[in-house]
Every structure is written in structure tokens, then in C-alpha cells.
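Both of the next two complexes hold chain A, though its partner changes from chain B to chain C.
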Partner chain A sequence: MTAIAPLFSDPYRQAFAAFMAERRESEAIARLRRAAFARFETLGWPTRHQEGWRFTDLAPLQALTLQKASAALIDAAALPELGVAAHRLVFINGRLAPGLSSERPLLDRAFITGFSQALPRDLDLIAPVLDALPGLQFHPFAALNTALWEDGAFIYLPQGTVIEEPIHLVFYATGGDMAVYPRLLLALEDGAQATVVVEYRGQGRYLNSPLAELQLGHDAALHYHQVQEESPQAFHVGGIRVHQSRASQANLHLFSSGGQLARTDLEVLLDGEHAGCLVNGLTLGQESQTGDYHLRVEHAQPHGTSEQVFKSVLNGQARAVFDGMIHVRQHAQKTDARQTSRNLLLSRQAQARSNPRLEILADDVKCGHGSSTGFLDPDAEFYLRARGISLTQARALLVHAFANDSLNRITLTPLRDRLARLLAAWLALDSIEGN
Partner chain B sequence: MLEIRNLHATVEGREILNGIDLIIRPGETHAIMGPNGSGKSTLANVIAGREGYVVTAGEIRFEGKNLLEMDPETRACEGLFLAFQYPVEIPGVANLYFLKAAVNAVRKYRGESSVDAMDFWDLIHERMDLVKMDESMLKRSVNEGFSGGEKKRNEVFQMAVLQPRFAVMDETDSGLDIDALKVVADGVNALRSPERGFLVITHYQRLLDYIVPDHVHVLVNGRIARSGGKELALELEQQGYALYNEEPGRARRAA
Partner chain C sequence: MTDSAQTLERLAASDYQYGFVTDIEQETVAPGLNEDVIRLISTKKQEPDWLLEWRLTAFRNWLTQQQPQWARIHYPPIDYQAISYYAAPKQKGEGPKSLDEIDPELRRTYEKLGIPLAEQAILAGVAVDAVFDSVSVATSYKGKLAELGIVFCSFSEAVREHPELVRKYLGSVVPYRDNYYATLNSAVFSDGSFVYIPPGVRCPMELSTYFRINASNTGQFERTLIIADEGAYVSYLEGCTAPQRDENQLHAAVVELIALDNATIKYSTVQNWYPGDAQGRGGIYNFVTKRGLCKGRDSKISWTQVETGSAITWKYPSCILRGENSVGEFYSVAITRDYQQADTGTKMIHIGKNTRSTIVSKGISAGHGQNAYRGLVKIMPTAENARNHSQCDSLLIGDQCGAHTFPYIEVQNPTAQVAHEASTSKISEDQLFYCRQRGIGTEDAVSLIVNGFCKEVFKELPMEFAVEAQKLIELKLEGSVG
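On to the complex of A and B.
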């Protein structure tokens, strides 16, 4: 494509060749990887001249010499707990750590497992559905993930299966400039229901570039939570693809507070009538963190509903980027789609860029979008202080009031409570500066 | 308990208060009347410590301490209360939560432990009855969507819960019908005691039928033009502020 692409691809080409030489897997999967790598080479490393990457500065990541992920031992205490019985898979540097995981009995034909634990026969099941969903076709990191994933979580629930206990997937990286490409493949057959919590954590500097593929059959329901608490030096550049059939409901909660750069690209295709999707995003940023969401929700069929609510709270020199597109195809009449992005700046140096967009080709729809960015209300601050509440506490109260409805949309109580505590601890930072 | 001497203050570079002297002793209730724009709210805000109000000369002592050195929350914790002319709406912060945070902030300042949940609940209910406030207001966000009357009542309710030593009421009566006005007055009167002081800012003599002041001051152009007993309020009602270069009708309309 561009002249510079091969330059950057070169180390990747070597890495890919070395990687492929070590893998022992079916030709179907190998073929998938080669095609994805070719796509990555064609797309090239994103530059800020590209529309979707204008506000994402990858230069500090590009300057690193990334290392192949390797095994590491870690202290189980560093891993997040959900506080309730859960199907738990822990991945260290992209590989399943069975000793840290706790599998629970499942019905016949249901799977909650690591790719690496799956039998070859099951892997053959996976191959045709891996990378089969539309979306993120032009995302170089999605292509890289398909080329280079070492392991991943495979969740498959047959028709009508309802799993009450949450599925807790923990991805932990141990730094050393490692690059990890964890994969998640989730398929809910018709009427199946699941609650999934995906946690990203780590220590030191690394690149975590996960890719999740979420497929919902007719009437399936998914509560999906992504909790991004990467280490402060980490780069997180991930993608999520969602495909929804008739009357399915996907509630996606995206929480982000870690990483020096954290970007998630999300594409949702509402591909059946009466499908519904909620995306609830909350980003906390401080110092020079960047939290970045790129979102495309595509209504392909009539009577779909979608709501995206993104909020960010930014302190220090933190930045938030929100680029959201709702696309309503001509056939998708009676679509009801709303999108809002609200940013609260706690310092004069913090910055938010919101770009909510609508493309509507159908004529009988209800669509709306809006965005706002502002500082704390000084009148409210004074009102609270005039009642004896300290400046720090007054600000914390006001920020909490701003962020709280994002947390209240999370119905998984133990997670919501944990995030509320995290928010409270974050607010107690005495670095919230005055204006 | 509150001593204001030669107070000068500016807002955005404009001199609004031009040398105010006022001494209020424990147990006393003073009323400040005056035409619109004369600086009544400016005085209230300077006492409460609002940003943007710059004291250029003079001093304020509260129970002997230099009030102007304290930040707003310290003033409140020391026992000062301002009932706002325009109470602020705070979406997302429940009234009850806000009150508890305020009560505990004051207790912490005094070196006391957090309020006991049952005691707090009893206090809240007792004070709600006092200002005839509906319990549903506790769950609602602070002042959000409240009518003008509800907002003023909420101010008195907060005062009744916090039990300050000195309260400034900035036009707590404006916009109230006679029943609501009585509720507000009852709330204030219930708190009057030999230890407490009040500074009641009002535009109308009407409120002073219910909250009978010990002293009345007329504020004009940032100065106390006249002081007297409660009969001064009646006189003003009849004559307006004409003597002070203001027409009574104008003052009333502007309220």
C-alpha cells in the first residue's frame, strides 16, 4: 500500500515466520493466520494521517522493540477477584494458566475453555468461526491478533443454555515490552444467555492487543463487561466485534482506567429484527493517559434499538477520544438509536474529543446523538462547601454524581460495587487540581 | 458574635460594598433591607466566602476569629450558615446523602465521630416535620426540579439539621406564598435561641411580621444608610426607598 508499510512490517514478518515455525496446528488455522498477516502487511501500521487514527498517537508504541510473549509466574494475589462463584479462566501473557483458573461443571456440549485446552476435534470446530464475523476489516491490530494469537478463551453455549454464574476471564501481562494478542471467541446459540467479565491487567510496559468476537443467536442475551486496568505504562489496543441475530440483546459495559494509551475499536452489527444493544462506557484518565473509543453500530434490520452512553472523567493532562458512528441501513426501518458522549474535565490541561456521527439511510427512524464537555460547576462546588464539605470531598461528590449512572447500569452487583470503590479511590487522589 | 468593620468588597473590579459596619450579638436577629442591587447578596456571599468577591478593606470577625482567613467549608464548620437566594441544583447527589456528608463534615471538624445512623434518621424526621417537607424530597437530587418554594424550604431544612450558630438568610421569603412564608418563619423561629444569631435579608416587611427582628438596617449602594428597630421596616414599607434615591415601586418589582 504505502511505501513505508514494509519497513515497519519487516520485524513483524520475521516474528511471524518464527511464530509459524513453532505452531503445531491444523492447516485451516494456519491458513487463517497467513491471510490475516497478509492483511496486516497491506494495511500497514496506522498513521495519524488516517482518519480513524488522527488522535491516537502510536509513536511511543512504535518506538518499542516488542518481544514475543513468554511464560511467567505471577502471584495469584495480583489477580482480580469477582467475589462470587464464577467460571474463571486466567491467561498470563496471553496463555491460559490452568493452575490459576477454576472451571466449573457445565452442561453437555457447552464450552468455557482455553483454545490450548481444547481437543483437536474441538479446534476444528473453532477454525471456521474464528475471524468469520464482519467488522474491523481495516483494523491492522485486529489482523495482527488473528495472525499471532497464542491462546484464547472459547465460550460456546448451545441453544437455550443459560449460565447463571458469570464467566470471568482475566488477562494479565508481565511487562518486559512483551506483545500479547489474546483472543476471545464467544458464541451464544439461540436463546442462550451469559454474563461475561473480561479483565485486563498487568505490570510494567507491554502491548496488549486483544480481539473479542461475540456472536449472538436469536433471542440470545449477553451481559459483557470489559474492565481495563492495565498498568500505567501499558499500551492497550484492542477490538471487539459483535454480531446479533433477531431479538438478541447485548449489553456491553466498557470500563477503562489503565494504560498510557488504551484504545478499543468496537463494531456491532444488529443483523436481525428487534435486536438491541447497549454500550455503556466509562473512562477515568489522569496524568498523560489517553483513553480512546472508536465505535460503529450498524443497524441492518428493522425494529432495532441501540443506545451508547460514553462518559469520561479526565484529570491532569489526560485525553479522551470518542468517535462513534451509528449507521442505519435503508432496510432498517423503525430503528431507535441514541448516542451520547459526555466528558468532565478536572483540570485545564485535560482534553476530550468527541465525534458522534449518524448515517441514516432509512426514513422512519428515531435517532439522536449529542456530546458535551465541561468542568465541574463552581456554583455546585461552593454550595457544598458552604455546608461544611471540604473542597476535595465536594469535587469527589460531584464527579461521583457524574459517573454514577454509568456504574448503576451494571447489574452484576459485585462488579459494580468493586468499580464504585475503584472510582472512590481514584477520586481520593489529591491531584484533582483547582481551576 | 459577628463583627463587621469598614467592609469594602469588589466584584469583577467594581466596588459593591463601600464600608459596612455591623455588630450582631448572640441571640439577636438583624434584618437587612434595601433596593435591588444594593449589595445585600454580596454581603451574604462575602460572609460565606464565595470566590470572586474580593475584600479590599475592613474585617469580619466571627466569635473573635478572623473569618476572612477561612475557606468556605471552615466557616460552615465553625457554625456559619448561608441560606442561598438561589439554591443550586446538583443532579446525581441525593439530598439525604448530601445532608449526611454535611453533618459528618461538621462533626469531623469538631473531632466527633460520624453520626449514628438511627440518631441521624430521627433528627431528619423531626426537622422535616418542622418545615413540613415531604420525605420523598430526601431521595431526590439536591434541589433538582424543585419549585422555588421547595428550594427555599430545603434551605431552611438544611439549616434546621445543621443547627448553625449564626445564619444568613438571603431573601428566603422571596417568591413564597403566605403559607410557605409561615413555614419558613416557623423554621427560623424554632431555632432562635440566646446563643444563635440571624441576619435576615429581605425585600419586604412582610417576613418581619413573622420573624420579628431586634434591629433593622437599610442597605443602599453598599452602605448601611440607616439602622433602627423593627418599626423601621414598617416605615420602609410605607415610604419605600425613595428617601434613598429609590422608588418603592421599582424596588418591589425588581424583587
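On to the complex of A and C.
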């Protein structure tokens, strides 16, 4: 790791001291924050000389003087709706807005709540699991989030609890160069099941640096959706950690269309036999947006299955970065892992960088990856045009088919339909330059 | 453990058959590296001033560089002051005039290695330049090539005889400051081969260089420069061995290829440096920079490599596809067993229009071997209609080894089509069962399956080499199947 950029971290040090002075919380949490801040200082601000940050240009973000998040009022109409009954928590600038949230009755011992409410009451439950998952140890923004989060969602489902209604978490930021560090802690005990939709939105320019920790017990099942529609000037640099026990199943759908820079680092540890994981990503990029995913799927136990499919559609000068690693430990025999990265370049200045990687230390495995980048298939275009469909329409149709494939994997129908409408609007909005 | 597994494990214990040391009088420079050593090397080779200056510039640059850490290989730090940078068989008076004058001890070494020097060379139709430690000892078949205007000689001779060509192209593909090992090589390179094929000439035979490290505590830093002028064709082969020693030895070579309009260069390597013993002691550190420049339109550079030796292989034969319609190819089989480590692959840099590249990489890991493919496919904004297809397959034999794939794909032009595929698997019980059911023993079945796995690459090798490579793989896998 390279040295710290001192000019940058000094204001951070002051900000951290001021932050800590304001907060009145238990020593267990304060200790966690101090350790995380020390980690951030050791790691330093990432530079493009670091392998993991080579293609992520943080200079425009670094040039900002970030402000501490403050409360704001917003129009409820700006917030996304799921269209079905849901447990809904809304966070404005990183803080829970109870007036906009709607809680539904839960069984005993289950929680879907904001940290600010949960912490004093359930410290014993939270302290041991907060920031306890492995992964993202070298991610400066993950450390920063742990040091500076103010609020977030705490979801805890005891053994065997199955929640039918989706859990809808909305994070909205109001700009003003604010930095928000929302936190999500989700623990599913053995056999618990949940569907979660996390939405990121905002207006103006800000940094949103969320960190989600998802823990799955034996046979637990999670459908997790992240819908990133930040404002076009926003920076989104987030992280997700997933820990899976025996026979648990995690399906993660990551949709991204907002932000001038949107990067998500994801680490999944399949830490029990027969654990399964699906990561389905779709990025729509236009103008000078950068959509960036870095993920690591670690198979630590035998008989695990994982599949990652990442697609991007890029127009204008948009850039996509995909860096995916499947690591199979020596003990993890009979692993079946597959990774695909596909990029569709619609304009001359669009760029895609794809880096799918495999590290395999067990011999009895089936692992593969594939990557393809290019424009639309001219044969398919011709086929459609021969049937009287105009070139513009034909292209829109083909792009839609390419992207819709990702949306079709989403089983939560109202969300899928909404994203499909968004995709259609996006395609109509942007003329495809072609070549 | 199954019966087949046992057979495979047993097979792994085969020995390195090129591990002998030739007892020959060596002239070696004391270990250490400073400007005086470089001046001494340059003086010994009677080099012109510009070349000495070039070496010194490289050396000064090297002092500012850091050893690369990004590869997936592990080794103790190398003490560059403990290496002798020049070792040569001692000459008695004047240099040899013909093959007969070469030290008989040296001739016997090459005979043991099965190199067709002298008469054998003519029979086999292969022109050989043999590099023994640091000096090129003999170049066979020279007269015949000279008739066609082909220059095939040692690098030192080229510096004396064709300084204008050397000066024009040396460092034009791999600049002296390219990377740590290439820079070190630029400072201390001792000898190597030089090939120039004049316009429109198709080289009538395979050109071949054989490298051997004999002296202990020496490094070998050869430099190869091949230029194919307009419309020329050449196929070049390279082989390598070294004696069995407990300490690690460094080999940091640089190969530069330049293909002008319509020229084709085919470069094949069978690398069998001493890999170290079964416990991972000793062996060659093979840190090599190989790069070809498709400078002219419709030019083609094809790399084929069979990497079986070396304790560590760090090598990325690359193509810069600058000319329109130029073609780059990379075919590789890398096999690691015992404690061998390989981090190898290629870079295809597409600059010109309609450039095409193909990558086929087959990695086989056995024992505690670690095998990584690392490659870059870069499509620059100017590379209209560029095409690339990459395929990387890994085969794992035994549960202590590792196979890794790190492709980097960067596309900056929407007219490009780039596809990459990789798979990792072991030899399936079904395939083995199928063969055994038909009366083929486990060992033969494994060799059959592995050879089938490597076939796409072997078919790119010249005939004799393909046979050798196939045998080498069989030998390597003896006792390692599981």
C-alpha cells in the first residue's frame, strides 16, 4: 500500500475528531470507529498506481471540499415507490426520516429498523456483528464508512423467520457537496428469508459511500437488489460484504444508471458447503459516466456454486470497468463457478475495461469465465432490417434484448417492471451513434 | 486414492535429463554489478562507443527502478551483486574459424543435448546458433544463408558487421527502460542471436538458437533481434537447458521482433531450463521480455511457446499491431509441477485498422505447481474493426496445485470485437474410464488426454519441435496424474 496523502487526510482527521466529539455512544462502537479511521489513514486515499484503482479516476472527487451531512426536507414524491406493501425505511442524507418511512408489524425478536433507534436498545445484538465480516479490508472507503456512519438500516431476522413483504430501503441525498456514509447491517439467522431492495437517489453533487454487510446463516435465503440512480453529478463509492453459511443462497441484483462515478466493491465469502450465490449486474452509461464494479467471490467450502453475470451498455463517452475474481480455496472441491462480463459499446468514445480473473487452488472444480466487448451484431441488424424494421428501431430492439436479459433474472415483479420502463426510456433518450 | 491417481503420482518423479555440467575452462568475471563491469563486458566484446553508452544509460536507469511485485510468484530477494554477469568458454588464441575448431568438450555438450550442430545441422536442415552461457559459440549453415542475403549470426558479430542495422533497431521495440529485467538486460546483455531477412526473401530453413547456462553463479542475459524486411518470412526456434544446481540462477533475456510490410515472423520456444528439484530447491528464474512489432501493413508475428522448465517463469511475449491488417498470434502451453511457478501470457496491443489477434493458452499444473495466465488485449481508439479471440484453458492434476487466469481487456473502439473465454478443470474420471475400458493404461490415457488438450498449440510448432514438445510433456507428467 502506498503512503497516505497527508494534505488530504488532515482535514479528515479534524472531521473525525469533531464527529467523535459530537457522538455519544458506547465505547464498543467508538472503539470500532477509531480502529477503522486508523485503517483509513494507513490505507490512504487510493491512487491510480494501485492495481485495484487503476481505472477509477477519483481526482474530481478529491477536488471537492466535502461537507458534513445535514438534515434536509424533501418532497416525498421524489422518492421511489415499490408499488407493493413493503417494510419501508427512508434515509435523507444518511439519517432515518421516520415520517417518510412505514413500518409494518413484525414477529417477536425480528428487527427492521434504523440504527439510531436500535443502537441504544440492542447494543448487545449489534456490537458483536457490526464490521465483523471479512472482506474489503483494504478498501479505504469501507474503513471511512465504519468510522463515520451516522445512521443506517439494521435488519435482523431470527431463526426460521420468513418475511414475505419486501424490505424497501431508500437512501436520498440532497447535494451541497455533502458526504454521506449510510450503513446497512443485515443478519439472517438459520433458515430465515428476506427480499431487500436498496435504492440510492439524490439531487445535486455529493458523495455517497454506503457499506452493506449481509450475513446469511444455514439455509438462509436472500434476494438483494441494489438500484443506483444517483444524481448525474454524484459520486457513489460503496461496498458490500456477504458472508454465507451452509446451503444458504444469496441472489444479488445490482442495477446502476446514475452518478458521474459509481463504483461498488463486492466481496462474497461462501463459507459453508452447498452455498450458492448469484450476482447479476447491469450498468447503463451515457455522457461521461463511469460505472465500476470490483468483486471477489471466495469459495472456501466444497460444493459451492456461484454465477456472476455483468453487462453494460455504454453510450457517449461512458466508461465501464469490471474487475471480477473467483478464488477457489484448496479445500473447496466440487466448486462450480462461472463469471461473464459483456459490454456493448454504442458510441465511438465509449470504453470498456474488463478483467475477469480466476484463482483456483482445488483440482476437482468447474470454473470458467468469459468476456466479450463489441458493437451490435451486424447480422442481427440485417435480419431485422430485412423485415422492414428501421435501423434505429432494430438497434433499440437489440440493445433492449441485451439488457433486458439481466432484468429478467429479477423475480420481484414490480421492481423488474419499473426497471424495464427505465431501460426503455433510457434507450429512447439516447440516440445510438453506431459507426 | 484411486489406482489411476497412484499411477499419476508415481509418474511425477522423473528426473531432469539435461542436468549435467560441462567441465570446460570458463572465463568468468567476478560477481558484482557496477559501471566497470559493464565497461569490461563491452570491451571484451569489442563494442563501439555508442553501444557502451547505451548500456550505461540503461544501467543508470536500472538503479532507479524497482523489482516488479505484481506477478503471482514468490521467491526470495535476488542479490544482483552476487551474480557474475559474464561467463564464456575460454578461448585459446584466436576465435574458432570453423565448427571443427570448437572445443570438443563443448561439442559433446551440444551432442548430449541433441542439437544438430555441424553435419547434423545440414542433415536436419536447421541452422543453429548456440549460445553457451554468455557467448555465441557457433553459427552453423551460415554460408548458405548468406547467399540469400540473410544475416544470421551472434549478436556480437552483428554489432561488428552490421552496426547500422543493430543501431537502428536495438531497443526500438523493447526500450532500455521498459521494465526492471529488460533494463538490466540492456545494461549487461552478453550475446544472443541476430537475424535479418532482406526484402522478399523467404528463409528456406528454420533458424534455431540453443541457449545453455553452464557456469554456476552466473546469469544469462541474451538479446535477440530479428528483423523481417518487406515481404520476408522467417521461422525461428529457441531451446534452452541448464545444469542441475541447488542455487537459483537468473535468466533475463530480451527478444525484439520487427516485421515490416507483408513480412511474417514465426517464433517458437521450447523452454526447458532446470526447474529445481522435487522440493523446490534450485532452478532457473526465467524473467524474460519478448515483444514483436508489426510495423508494416499485412505483417504477422506468431509466438508459440512450450514452457516446461524453470523454477519461475515470468514471460509475456507480446505483439504491437501497428500496421494495418497486421496479425498477432500467441500459442502457449505452460506446465508446472513440483514447486514450479509460472506467470505467463501475452499482450496484444491493437493500434492499426483491421488488426487481428488470437490467443490460445493452455496451462497444466501438477504437484505443487502454480500456473497463471496473465494477458492484456488492448484496442486503441484508432484500431477500427479490430478482432481478438482469447482462449485460456487450465488443467489441474492433483489437489496441491493452482491455476489462475488474469486477463485484462480494454476496448476503446466500438467496431472492435473482443471475446475471451477461460475454463479450468481436471482430467475427468469419465475420460480416463473411457480410455481404460478400451485397454489403454492410465498413464497412456493421461498422456493422450493431455496431448489432446495441448494439440491446438502443438500444431503450430514446426514438426521436429512438436514431437520434442510432446515427449517433453509426457516426461514432465510422468508420475503426476491424479
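The definition used in the following text is that the second predicted complex is superposed on the first by the 425 of 435 C-alpha atoms of A that agree within 3 Å, B and C clash if a C-alpha of one lies under 4 Å from a C-alpha of the other, contacts with A are read in each partner's own complex, and residues count from 1 in each chain.
Basically, a contact is a pair of C-beta atoms (placed from the backbone, for glycine too) under 8 Å apart; a residue touches a chain by one contact, two chains touch by 3 or more.
Keep in mind that what you see is a predicted model, and the values were worked out from it rather than measured.
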Exercise. Give one word, clash or fit, describing how chain B and chain C relate on chain A after superposing.
Key: fit
Quiz item: Of the partners chain B and chain C, which touch A:404 in the superposed model: first, second, both, neither?
Solution: first
Quiz item: Given the touch rule stated above, what does A:420 touch, chain B (first), chain C (second), both, or neither?
Solution: neither
Practice problem: Using centres of C-alpha atoms, tell me the angle at chain A that chain B and chain C span after the overlay, to the nearest 10°. | Solution: 70
Quiz item: So, does A:35 touch the first partner chain B, the second partner chain C, both, or neither?
Solution: neither
Exercise. Based on the superposed arrangement, let me know which partner A:354 touches: chain B (first), chain C (second), both, or neither?
Key: second
Exercise. Would you mind checking which one, chain B or chain C, touches more residues on chain A?
Key: C
Quiz item: A:123 contacts which: chain B (first), chain C (second), both, neither?
Solution: neither
Quiz item: For A:388, is the partner it touches chain B (first), chain C (second), both, or none of the two (neither)?
Solution: first
Quiz prompt | Minimum Cα separation, chain C to chain B, after superposition on A (Å) | solution = 14
Quiz item: What does chain A use to touch chain B in their complex?
Solution: 377-380, 382-391, 393-394, 397-398, 400-402, 404-405
Quiz item: Mind pulling up the chain A residues that touch chain C in the complex?
Solution: 51, 330, 333, 343, 345-375, 435
Quiz item: Once bound in the complex, which stretches of chain C touch chain A?
Solution: 70, 72, 381, 394, 396-426, 482
Quiz item: In the complex of these two chains, what residues of chain B are touching chain A?
Solution: 48-51, 71-73, 75-77, 81-82, 84, 87-93, 98, 101-102, 105-106, 109, 141-142, 158, 162
